[in-house]
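Take a look at the structures below.
Consider the two complexes below, in which chain A is the common component and chain B and chain C are the respective partners.
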Partner chain A sequence: MDASLDLLLNAVISGLLLGGFYAAVSIGVAISFGMLDIVNIAHPGFILLGSYVAYFANTVLGMDPILAAVIALPAFYALGALVYQIYYIAFERRQDQSLGGLSFFFGLLFITEVGLVLIFGVDYRLVQARYIGPSLNLGWVELPLRLFVPFLVSMVMVVGLQLFLSRSFLGRAIEAVAQDQLALRLMAANPTRIKRVAFGLSFATAAIAGAILIIIQPVEPSIGREYIGRVFAICVLGGLGSFSGMVIAAVTLGVVESLTATFFGPSWAPAVSFGVLLVTLAVRPSGILGR
Partner chain B sequence: MASSLTLANVDAGYGAVRVLEDVSLTVGAGETVALLGTNGNGKSTLMKSIMGIVRPSAGRITATIDDATHELVGRSTEEIVDLGIAFVPEGRRLFPKQTVTENLLLGAYRPTARSAIARNLDFCFETFPRLKERARQLAGSMSGGEQQMLALARALMSSPRILLIDEPSVGLAPLLVSRTIDKIKELKEGFNLTVLMAEQNFTQAVRIADRGYVIVHGRIAFEGESAEALNNNELIREFYLGA
Partner chain C sequence: MGSVPFALALVCVAAALFAVGRWLNISYAFFAAYVVVQYIVLGTAWNILGGYTGYVNFGITAFFALGAYSSVVLYKLVPSLPLPIMMVVGGIVAGLVGLGTGYLTLRLRGVFFSIATLALAVVVQTLITNWDFVGGARGAYVLRPRVAPLIGGDYIQYLFLLMLGLCVIALTTARAIEHSALGYGFAAIRDDEGAAEASGVPTLRLKLIATVLSGGFMGMAGAPLPYYVTYLDPSSGFSLNYAVNAIAMPLIGGTSSWLGPVVGAVLVGGLQEYIRVTISSAVNVLVAGVLLVVFVVLAPEGIVGLFRRRRR
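Here is the complex of A and B:
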């Protein structure tokens, strides 16, 4: 096979896999920012918390990082519900979400990072698992399991949440809660409770995303910041409130970044991805699948 | 089983502004009662007081649902809806970014309504074939008449016993107004409901009402025991019929 075609193919494949990872990182923000209007800029910090939970369970207990994340889900959900309750009492109830809320989440990001530094230090940490290292050789393309397993886990999580949101009463109420809270009350639902559940779920996704992150690359406590811009870009690009749009945006960004890095060098990747964002929003202000 | 609604000496308003003064009103089991009054006289405030959106400063509001009586003042809106009282508010308050079907399914959020969801959905689609055609359309992109139908259908998805409707005719073309009013009668009979309907459109409301109240400046100015009594009332002649 032609060498450059081979290069192209491999760049596209690793871009797709990277996109799957971006979807896992973004889905929490797709819920909090896209569906609840909560500008949770601390989410990447919560993801790092997930990474270190996986790291701890992996190094101390020898547990698989993804299994550790699954076991940590209820605790993350509860922590998320608690964070929302504090946010609600301190800001939302007083109609002080925009600036007060932003500083609240900025503070949480800071506290999470400092906490992780104090406990784990600033060195890069990584995990061990059987799928870190080997590749699936499909003849014409190499599928590194280190990226492929996270891709699959991410897709299971996205599809699972999508089904929950579209098929359950609670899920449909979550999709509607930002549109009209009085109307939701008239459906016999309590909007604060709905938002608390949704924020708990959004926080829980950070456990999975964190485990995936530390499988893909070594982490240190402030690495989450690299993802803040990208994650919000993916949510806006996909269309707020739409999971399928978010996945398309995540995969597009993954492929574009991977191609750019392969053919023009990694330093161009962020510029190109934000270029894609600007062009899409100029053509479709509501995002790819925004309603 | 019987469901009815009673307001006794209710005062209510917004902050220091008092809107309702000493309002007493009943909607008997299976009745359709019209709450008549021109703009700004307190019809919506009265409905919001029943639904727990505005909290009365005095008086009692009680609802009897299937022979069990509940005090409504002090309960949250979602609790009141959960008792079996549905409300189609001013402005309809649909979820504009959700489809017709999603809006209807949200209407069935109330736990008691969930088991009846298939039957209620069939009934709504039968009564409003247009909603079935538009099932996958976003609510916000529909015409005013279609939105009013969806708002009514969504309220019924909660399997209510008592239905409150705030000005169903607002913003509709004259032909649609009479059709909507007819539909309300049809739904009332199909679901065996007790209905309180606020209206400015006297002629249309009286077509389906058993009785009615006229509200002026937040007070009940006249209570008509029948449609004829309403038709022949001085106040109504003055306000509505220009005589």
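Here is the complex of A and C:
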């Protein structure tokens, strides 16, 4: 087989796996921004918080990073509910979401980043687990477990959340908030409580996303910023509020980034998401599967 | 007070400040004061778009670093070029990038513009990191002349004087906008863009003007940076501190008038310098972030707003 074709195939495969991981990173924003209209730009910072929780549990207690993330879920959910409560009292009730709300989340992003720097320092940190290192060999294609396990975890999370939203009573209530809050109020339901639950959920996904991020690559506090452009590019490209569109966009971006990294050098990869974001905003702001 | 007397008053204040500095003749005072004045310019520039029209620009580092790196490019091409010309070029480059980004995203809801500016900061950093001519990831050295041109004395005094001059221009512009048709148009966009558009306010054009002015001033504020630090690499030029400070200072001081960014920059900048010297340089960056969150939650009108409310 041709060497460059081999390279291309492997780049596409690792792009697909990377895209699956991007879906886990983006799903929190797909919920908060896409469904609740809360522009949580601090989400990548919270994902890094999840990474460091996994790192701490892994190095100090010798725990598996994904198990640590699952244990940390309730704490992340509670933190998310708290953040939403402050956001609601300070901004949503006062109708000052744009200037105040955006600055609020920007401040949270910065505080999280500097807080992590103060506690853990600016060195790259990584975790140990049995599936980091070996890879499955399928003919011409290498399937590194370091990417494959996060891909599986991410897909389980996305499908689980999709089922929760479409099947359970609470999930449908969240979908209702996303569609028409005023109508919900007229039905005597309390959109604030439902939004608090949904925001808590979106925050909790950061624990899982953080754990699989630190499995894929070593982590330092400022890499969260790289993910802001990526996450919002994925959510806008996929169409706000659409999970399936979000997954398609995540995989697309993963493949394009992987090809860019393979053929132009990894230092160009962060520019891809910005290009995708700008083109989407200019050409089709409602995204590929937008409502 | 009209714009001309206001500008003259500012010039007098700036001249008095500079005279006191010359009389004290402590280099450290100039280095510290330069940072505070630079933040007044950055905060005022951010406020022209953020405070007056309500559109939040997170890409301050992109515009600021574009100004800084355009100076690096000019320094490599024409080392003898006077710094004020570099500042004008830096302002033009940053303003044009603002125009392009704004043209593509300002027709959508405000959040999309904010997100695009966040991503812009990352992409400009990627471009600079990959551009070997300006040093790439290794960074670039700029030789600072020992003696200041025209005024004599240490070169930092010249840098401080230029930044003071830029500050006077920025504040005069900001105040002139507040009392002009442009400013009323901006306020109409901030309060209800749909209603403004329906009453014939050319919203897109006004937003573009605000973005270009805002980005241009940020670029001009960044242009002397290579001479201030003498060694510029992407991670310091694109430090998130600039962005957080430039947003925090107007919001802490108050976004409704030109005075807010000044109050915020002097208070927060002074506090940071004090903490940097007494406690640690890691804590000093945290201050702006914490104060930002506290003020937007508890006192959204800022310090100027608090005083105004009390006076009523």
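In the analysis below, the second predicted complex is superposed on the first by the 268 of 291 C-alpha atoms of A that agree within 3 Å, B and C clash if a C-alpha of one lies under 4 Å from a C-alpha of the other, contacts with A are read in each partner's own complex, and residues count from 1 in each chain.
Methods note: a contact is a pair of C-beta atoms (placed from the backbone, for glycine too) under 8 Å apart; a residue touches a chain by one contact, two chains touch by 3 or more.
Remember, predicted model here, so these are calculated numbers, not experimental data.
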Query raised in the report: Between chain B (first) and chain C (second), which, if any, makes contact with A:R185: first, second, both or neither?
Result: first
Of the two partners chain B and chain C, more of chain A gets touched by chain C
| task | Please indicate which partner A:I41 is in contact with in the superposed arrangement: first for chain B, second for chain C, both, or neither. | result | second
*Taking the superposition as given, does A:G229 touch the first partner, chain B, the second, chain C, both, or neither?*
second
Next on the checklist: I'd like to know which partner A:E175 touches here: chain B for first, chain C for second, both or neither.
Outcome noted: first
*asked:* Just to be sure I read the superposition right, which of the two partners does A:E257 touch: chain B = first, chain C = second, or both, or neither?
replied: neither
Tell me the contact category for A:D64 with respect to chain B and chain C: first, second, both or neither. neither
> With the two structures laid over each other on chain A, which partner does A:G241 touch: chain B (first), chain C (second), both, or neither?
Replying inline: first
Check: chain A residues flagged as touching chain B and also chain C none
In their shared complex, chain A is touched by residues of chain C numbered 50-51, 54, 56, 58, 101, 104-105, 108, 110-112, 114-116, 118-123, 125-127, 129-130, 137, 240, 243-244, 247-248, 251, 255, 282-283, 285-286, 288-290, 292-293, 296-298, 300
Seen from chain A, its contact residues with chain C in the complex are 39, 41, 86, 90-91, 94, 96, 98-100, 102-104, 106-108, 110-111, 113-115, 117-118, 222, 225-226, 228-229, 232-233, 236, 265, 267-268, 270-271, 273-275, 277-278, 281-282, 285
Listed in rising order, chain B residues that touch chain A in their complex are 51, 53, 76-78, 81-82, 86-87, 89, 93-98, 102, 105-111, 114, 138, 154-155, 158
Counting only contacts in the complex, chain A reaches chain B at residues 169, 172-173, 175-176, 179-180, 182-190, 241, 291
